[in-house]
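Order as written gives the chain letters A, B, C, D and E; numbering starts at 1 within each chain.
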Amino acid sequence: MKKWFRLLVPIAAVALLAAACGDDDDDVATTDETAAPAAAGVVCADPLTIAFFGAQTGDAANLGLNESRGAELAINEFNAANPACQIGYKAFDSQGNPDNAPALAQQAVDEAAIVAIVGPAFSGESRTANPIFEAAGLPIVTPSASAPDLSTLGWTIFHRLIANDDSQGPAIAAHIAGELAAAKVAVIDDNSEYGLSLAEIVAGELEAAGVEVTVTDHVDPASQDFSATVTKVKDAGVDVVMYGGYYAEAGRLRKQLVDGGVTAGFISGDGSLDPGFIEAAGAEAAEGAILTAAAFFSPDGYTGGADFGAKFLADSGSAPGLYSAEGYDGANLILAAITAGNTTREAINTFLSTASFQGITKTFKFLPNGELDGPAAIYATVVEGGVLVGAGQIGG
Amino acid sequence: MLLELDDVHVHYGKIEAVKGVSVTVDEGEVVTLIGANGAGKTTTLKAVSGVRNVTGGRILFEGADITKVAPHRRVEMGICQAPEGRGIFPGMTVLENLEMGCYTRKDRKTGIKARDLERVYGLFPRLAERRTQSGGTLSGGEQQMLAIGRALMARPKVLLLDEPSMGLAPKLIAQIFQIITEISRQGTTILLVEQNAQQALRRADRAYILESGRVVKSAAAGDLLNDDTVRQAYLGGLGH
Amino acid sequence: MIATVVLASLSEGARLLRDNFWDYTVTGATIGAIYSLVALGYTLVYGVLRLINFAHSEIFMIGTFGALYATQWLGFDPGDPKKTGIALIGVLLFCLVIAMAVSGASAVVLERIAYRPLRRRGSTRLAALISAIGASFAISEAFALWRGRNFEQFPRLFDKTHTVFTLFGYDVRADQVLIILSALFMMVALDQFVRRTRLGRGVRAVAQNSETAQLMGVNIDRVIVLTFLLGGLMAGGAALLDMVFLEQTRYNIGFILGVKAFTAAVLGGIGNLRGALLGGFVLGLVENYGSALFGTQWKDVISFTLLVAVLMFRPTGLLGESLGKARA
Amino acid sequence: MSTVWASVRLRRRGPLGISSSLQGAWTGLPRAARYTIGTVGVALLYLLPEIPLGLIETQGTKWESVLFFPILIYVMMAIGLNIVVGRTGMLDLGFVAFFAIGAYATAVLGGLHDWNWWLVLPTGIALAMAAGAILGTPTLRLRGDYLAIVTLGFGEIIRLTANNTESIGGPRGISDIPVPPNVGGLEFDNVLDDRPFYWLGLTLVVLIVFIVRRLERSRVGRAWTAIREDEDAAELMGVPTFTFKLWAFAMGAGIGGAGGTLYASQHRLASPGTFQLILSILFLAAVVLGGSGNLVGVIVGAAMIAYLPERFRGFEDKRVMLFGIALVVMMIFRPQGLIPSRRRAAELEDPVTPPEMADVSTSSQELAGYELGEVFGPGTVSLDKPFAPDPRSPAGDGDHG
Amino acid sequence: MAEATILSDSPSVASAGPESGPESGSGSQRLLELRHLTMRFGGVHALNKVDLHIDRGEILGLIGPNGAGKTTVFNVITGVYDPSGGDVLFEGRSIVKRKRYQRTKLGIARTFQNVRLFSEMSALENVMVGVDAQHHSSVGGAILRLGRQRREEREAHERGMELLEFMGIARRAHQTARNLPYGDQRRLEIARAMATRPKLLLLDEPAAGFNPAEKADLMSLIGRIRDDGYTVLLIEHDMSLVMGISDRVAVLDFGEKIADGSPASVQADQRVIEAYLGVPSDDEDLLASTGPGAPGDAEHAEHAEHAEPVGRAEPAGEG
C-alpha cells in the first residue's frame, strides 16, 4: 500500500504544479444552459442526498473509492459554496457483488432524500440494481460500468459518463493494427464479464481488420500461475498480447510473459489502468505496456482538471485514480440539476437526459439510451520508467 | 508398596465402569485381576496407565499420587503396559516397534539399548528372526511376544499385562505364561489382567476377583484356584 | 457440428502439447512441487488427527508474508539489483528460515487455539472442520484488514530469466530448478525425519495406534503440536518458493492453492507423505497438459475431473496408504 | 475405536442448555397446543415484512429484501443440505452446485425458451434432483473426506463449466429471467417490492419443511439416520443404503434447485460469479451452527448466518473476520449447534452396569467418529477387508506387509 | 401376550410371501446350506471347504476356538465378504451374488459381536429400521402419506413395540440407543434383527459380557425365539449356554469343520477336545488350563483378538 502511495506522489506533485499554474477559476460547471453556483448560493427546502453505489470494501474497493471520493469532493465543494442548501452524501457498499446489490438498491430507493445515484460502478451489479432504480425512477450516472448492452435494456434512468467497451474495443484493435502494426496477436482475458466482453470485441475488430488472432485464452484470475498461457503465447510467436481484465492479473500475466521470454507488446483496457499494474508486473516488465481507457488516468490530462488532483488529495487524503474525475463530474452533474431547481428524482432525471453540462473531463450530453452524445474519446497510457504516462487519444 | 489403587472409580460418560476398586501391588509380586468380560479389569488397568481418566479415588506409585499424571509421564516413571489386543504398530518393523518401547528412555546409548534388545531377543527368539518384518504381518502369538518385549524395552518397574493369552493357541499360552514367570523372576513386578483364570492363578502371587466393576474377593492366588467365588464371578453358574 | 469444433480444438491442443511438451512439463512440475509441499501439511495432520486442516492454506499465506517481511527487513525493494552467488544463497536461506518459522509458529498457535480446545472436549470431527473453516476465514480476513486487499510484491532476488540448461529445446529457468530441487529436498528430509528419527517414530506411532503410543510414553499433545509444526514448516518452505516463482501475495492467496494442495493430497492418498508428493506433481502436470489440450479455462475442471476419476478406480488415492501404515 | 482426536481427555457434558429444556417443554405440550403455536408462528413469519421490528431490521439494506435474500434462500439451502449432511451423514462441500443448476434451469428455460414460470419451477427442481443422482451414482460409495472433496470438485466444475459455456452467457450469465405471473395482489413483476417473493419463498419453505418432516418420520428418514449411524449395520438390517443415499442426495439437490430457481427469478440474473465455493461452505456452516440433523436448528442456523452479516454491515470489512472467529468460538463452546438434535439432549435414566465393551462399541464410537458416518477414512470398510471397527486396528487386515 | 403376538408374526405362521414358513418354499427342511465354502485373506484360509447346513426350526450352535472362522461364516452368509470359493444356498437358491440388504429381505438377519446399534436413534426406531426391511414405501409414499405407507408405518410401530416387549425392554422404547444399559443394547440388537422377519437369525455371541443371571434369561429367550418358529445359528463361547440350548452343534477349527452333531456327541469328540484344550504338550499346565486358542496365523483372517474384546476363554470342560 505504501509503495502505491510512493508511485502516486509524483503524479500528485505534477497535479499540484498544474494547479498552481492554472487559472484561479474554481467554478466547475460553466455552460450555456446552467449558470455556475452563484455566490449567494442555492436554496433548497427539502433535505437532499446524493448516494454512491459501488464497492467501498472488498477486493474491488479501489475503483469504487476512486469514484466515491470524487463524488464526495464535489458535494463538499457544493456545500461549502451553498450554505443554504446542504446536500447529504451516502455510500452503498455493494463490494461490487451483484448478489448484494438488490437489497442495497431497495434500501436506496426507499430513502426519500436520495434523489440521484453516482454508480453503480460495475456492469454486473448494474444488472441487478438498475432495474430497481428504474422502477423507482431514481436517476443514476455511472462513471465506469462499461458493458455495451447496459444502454440497450430500456432504462430511462441510466446515464453513462464514459464511452462503453464498444468504443474502447475498436480503439484498442485499431491501435494494434495501426500504430503497433501487429501481424499476429494473442487475445487473452480473465473470463470475467468485463474482460471477456472487451477481449471478444477486440478480437472481432482485429479479424475484421485482417490481423490474425492466433491465440485466444482465458485465464483464471484466482490462479497465480499463468505458465500454460505463457507457453501458448510463446508457441504462437505473436507481436502483441491484448489482455481483457483487471490490473492485478494483467500485471502478473505481463511479468510471467516477460519471464517466459515473450517479447511481444502488451496492451490492455481500463481495468488494468492502475498503478497496481506496474507493481504487479514489476517496473522492468511493465515498461512499454499500453493501457487504454475512455478516460485519463490522471486528471491533469483533462483540460478542466488542472487543480483537481490537489483538491482531491486535500479532501480525501489520497491521490485521485482512474475515474475519480468522472465520479466528481457525475456528482457535479447532479448538483447542477439541483442548482437548476430540480429537487425530485423525476426532475433531476429529466434534467440529466436533456441538459448539456461541461465537466472537467468532457461535455456531457446524453442520448435517449443514456450513452454520451458525440464521439467517444479513448486515451492511452503508457508505462514509462515505472510510471504511468499519458499518451494521448487513440480512438473515438 | 509399589503401586496402590485406592477406591478408584472410572466413568464412560454416565456409565460407571469401575466402582471403587482398591488394589495393591508390592515390589516383585505378580498380582492378577481376574473376572468375566465387562468386569472392569481392562478399564482398571487403563486407569493405572493413565489412558482412562479416574473420576474418583487415587492411584499411588512408589508413594506418590499419580492420579493426575499424564500417561507418557507414567511411562517415564516406570509403568509400562502391553495393552489388550497387543497394540502393535502395524506399519513399523519389529525392531521399530521394540524401539518404541524405549521411547521415553533418557539413556538412549546404543550399548544399553543393544543389551535390552538382546534380552528381549533372548526371551523371544522369534522376534530376532523377524526383526525387519512389519508388525502387521506377524501372527497373533508373535504379536503378543512383540507387545510384551516392547513393554520390557522400557525397563518398567511394574509391567501391566492385559490379557496376554487372548486368542492364542494353548501351546502358545503356555509359552507366554512361562515367559511371564521368567520376567517376574528377573525382578519385574507384574500386574496381570487375565480371563484365563487357571493359568493366571497358577502364575500369580495374589489375585483380585472383579465383578461388575467391584472387587468381590482378594486372596493369595493359590487359595482361589478352587474357590467358588471364582466360579461364580468368572465361570458362571450355569449348566452344571 | 459441435463435435467437429471440439475435435479441431483438441487437435490444435494436441499439437500445442506435442510441440511444447517439455515446456509444459517443467512449468507443471514447478507448480506441482509447491502443491506437494503444501499437501504435506494436509496429509500429516490428517494422518494423525483425521482432520482436514482447512486453515492450512492460511498457514501458507502467512509464510508468504513472512518471506516478504524478510526481504523488507533486509532492505530489498522490488526494483533493487538482483543478487548472485553467496549473497543470493544467504538471502534465500534467511527468507526460508523466516518463512518457515512464521508458518510453523502460526500452525502451532492455530492448533492451540482452534483445535485443541475441541479435542479436549471430545468434539466431533465435523465440529473441528467447521472450526478450521472459521479459523481460515478469520486469519485471511485479519490479513486483509491489516495488509489491505491488494497484492504486495515480492522483490526479484535473482535473474530468473537466466537459462540453467536446455531440456529438449526448452530453456529451463533458474527459479524452476531452484523450486523443484528445494521442494524435493524438503520432502525427502521430512520423509527421513518421520521414518528415521525418534520423534518421527512418535508421529507414526500416534497415527497408527494412538492409545498404544501413549502407553509407550509418547506425549500425544506434543506429537500433535509436532505434526502441525512440520506441516507449517513445509508450508513456509512452499511459501518462499511460491514467492520466488510468482512474486506477489495477498490475504487470500492461500485459498485456491489450498484447495489444489488438498486435492493433491487426496489424489495421492491422504495421510500418505509420498502420496502427497506424487499427488502434487501429478496434479501440477495434468493441469498443465490439460490446459494445453482443452484450453486454460478448463484447468480446474480438469483437476477435479481427474480427482473424481482416480477415486472411482482407486478409492483411497494413488498410493492409498495412511501415514501410519507407511512402511519403513 | 479410539482415534487420537478424542482419545485424550474426554469431558463430555450433557448439552443441558436452555434450548434442550425448551425442547423438553415443547415436546411436553399437547398436540393441539403445538399445532396452535406452530400455526401462529408461521403466521408471524408471513407477517415479518409487515411488522415494524426496529433494531432487529437490517439497517443498510432493505429489510424485506434481506428477508428473501439471503435469509430465506439460505434457510432453504440449509434444509436441503441438512438432509445430506445432518441426516444421512455425508459431507457435501459442493452444495452450491444444485443452487446453480436450479438458477440456470430457470434462466435457460424461462429466459431463453420462454417457459411458464410455474413449469420452470418443477423442472428446475427435477433437473437439480437428476444432477444429484448423476453425481451420486458414481461417488456415493466414497466415504467421508473423499466424498467431501469430490463434491467440492463438482461444485467448482459446475461453476466453471457455466463460466466457460458461451451458449448460457459465459461469465455474463443470463439476465433475462421471468418472474412468476402475478397472483391476486402479489405483483412479482414489481421490482420494488420483494415481499411477494418472500411470501412465495416462505410458502415453499413451509411446504418443504412439511415434506421433509414426513420423510424424516418415515421409513426413509429412519434409513437415512441408520446410514448416518452405522452404514454397514444398516445395510445388514435390510436398508438398501445406496438407494437411500441417492434419495438423500436427490432430495437435498431438489431443494437446492428450488432455492436456485427462486433466487434467479428474483435477482433476474444467473451468473457464475454467484456460485462460489464459499457459498457451499456458508451453507454447511449454517447446518452445523444450527445443530446438524435438527430441522428447526438448521433453519435458525441459516437465518443467523444470513442475517448477522447484513445486520452488522456497520462492521463492513471486519464482519467476515468476526464471522470466522464466531465459528471457532461456537465450535469450542457449543459444538452441537444452537438447537441440537433431540437425541443429543441428555436423558435421565437408571444407572447401569456397564461392561467395558459397552463403551467400546457405543460411546467411544460416538466420540471418536466423525458424526458423518462412524468409520471414516480410507479403506476402512470395503468388501474385501475384514469388518474392523477401527480402521487402524493393528491386526485389522493382513495386507500391511 | 407379547409371546402370543410374536408367535403370530413369526415366519412359520405369517403369510408374508410364498417363501415364508418352513413348510412352503422349496419344501425342503434345509434352510441354509454352505457348500465347500472357502474364504481366503491373502494367503490365509479363514474358511476351508466348509460344509454346513441348518434345518428349519433348529438352533445350531457354532463353536470353535478364537480365530477358527466363526464370524467369517456369518460375514459370508450376510454378504459382508464374498467367498473365495464354494456356495451359500438359502432355501435351495444360491445367494452369493445377492447384495447384503437383499439377503436380509430374503430372511437372514444377524447381530454383531460388538453391539452395533444406530446409537442416536431411539430403541423403538432401531427396531423399526428392522421392520422396514420387509416394507416397500419410499419417498413418494412418505411425502404423500399413501395408504400403504400409513399401514406400514403403523405396523412398524406396533411390531417394534411388540418386539421390545418380547425382549423385555419396552420401557426403553423412547430412549436413545446409546444411553441404554449394555445388556439392553444387546437385547435391542436381537429385537432389531428379529424385526426383519428373518427365517434365519444369526446371533454372534449374544451373551458376551452377561452375568450368569442374564445368561440364563437369554437362554430361555433364545429358546422361545426358536419355539416361535425361527431358525437360529448361534455363535457363543459359553459352553454351558451353547450345549444347553442347541439342537445341534458344529465345531470349526482352523477354518475347517471338525465336528457336527448333537451336543453330547460333539462334547465327546476327541478332535473337539484337542482343538479346545490343545494337543497335550510338555507343559502339564496346559491340560489343566482350559483356555481355547488357535495358532496365530489364522487370526489375520478374523483378527478376533482385537475386534472381539469379549467372549473368549470360557472353559470348555463343564459343558
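The working rule: contacts are C-beta pairs under 8 Å (C-beta built on N, C-alpha and C of every residue); 3 or more make two chains touch, one makes a residue touch a chain.
Owing to the predicted nature of the structure, the values given are computational and were not obtained by experimental measurement.
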- Query: So which chains count as neighbours of both chain A and chain D?
  - Reply: C
- Could you see whether A-C or D-E has the larger number of C-beta contact pairs? D-E
- Task: Select the chain whose centre, defined as the mean of its C-alpha atoms, is least distant from the mean of all protein C-alpha atoms.
- Result: D
- Message: Using C-alpha centres only, name the chain that sits farthest from chain E.
- Response: A
- Query: In whole angstrom, how far does the Cα centroid of chain D sit from the Cα centroid of chain E?
  - Reply: 38
- Give, as an integer number of Å, the spacing between the C-alpha centres of chain C and chain B. 44
- Please compute the C-alpha centroid of chain A, do the same for chain B, then give the distance between them in whole Å. 78
- Task: Averaged over CA atoms, how far is the centre of chain B from the centre of chain D? Could you give it in whole Å?
- Result: 48
- Note on the structure: Multi-chain touching residues of chain E, meaning two or more other chains, are 179, 182, 208-209, 299-300, 305-306, 309-310
- Task: Can you tell me which residues of chain A touch two or more of the remaining chains?
- Result: 58, 191, 218
- Residues of chain D touching 2+ other chains? 7, 9-10, 12, 163-164, 317, 352-358, 363, 392-400
- Residues of chain D defined as touching chain A within the complex: 58, 60-62, 64-66, 69, 163-164, 170-173, 175, 190-192, 194, 266-269, 271, 273-274, 310, 313, 316-317
- Inside the complex, what are the residues of chain E that reach chain D? 41-42, 44, 71, 75, 78-82, 99-101, 104-105, 109-110, 112, 114-122, 125, 128-130, 132-135, 137-139, 141-143, 145, 149, 152-153, 156, 175-185, 192-193, 196, 208-209, 299-303, 305-307, 309-310
- Spell out the residues on chain C that touch chain D in their complex, using ranges where they run on. 46, 48-52, 113-114, 117-131, 133-139, 141-142, 144-145, 206-211, 214, 220-221, 224, 259, 262-263, 266, 269-271, 295, 297-298, 300-301, 303-305, 307-308, 311-312, 315-317, 320, 322, 324-325, 327
- Message: Can you tell me which positions in chain C touch chain B when the two form their complex?
- Response: 198, 201-202, 204-205, 208-209, 211-220, 321, 324-328
- Query: In the complex formed with chain C, which residues of chain D make contact?
  - Reply: 2-13, 91, 138-139, 141-142, 145-146, 148-150, 152-154, 156-157, 160-161, 163-164, 277, 281, 284-285, 288-289, 292, 317-318, 320-321, 323-328, 330-332, 335, 367, 369-372, 376-379, 382, 391-394, 400
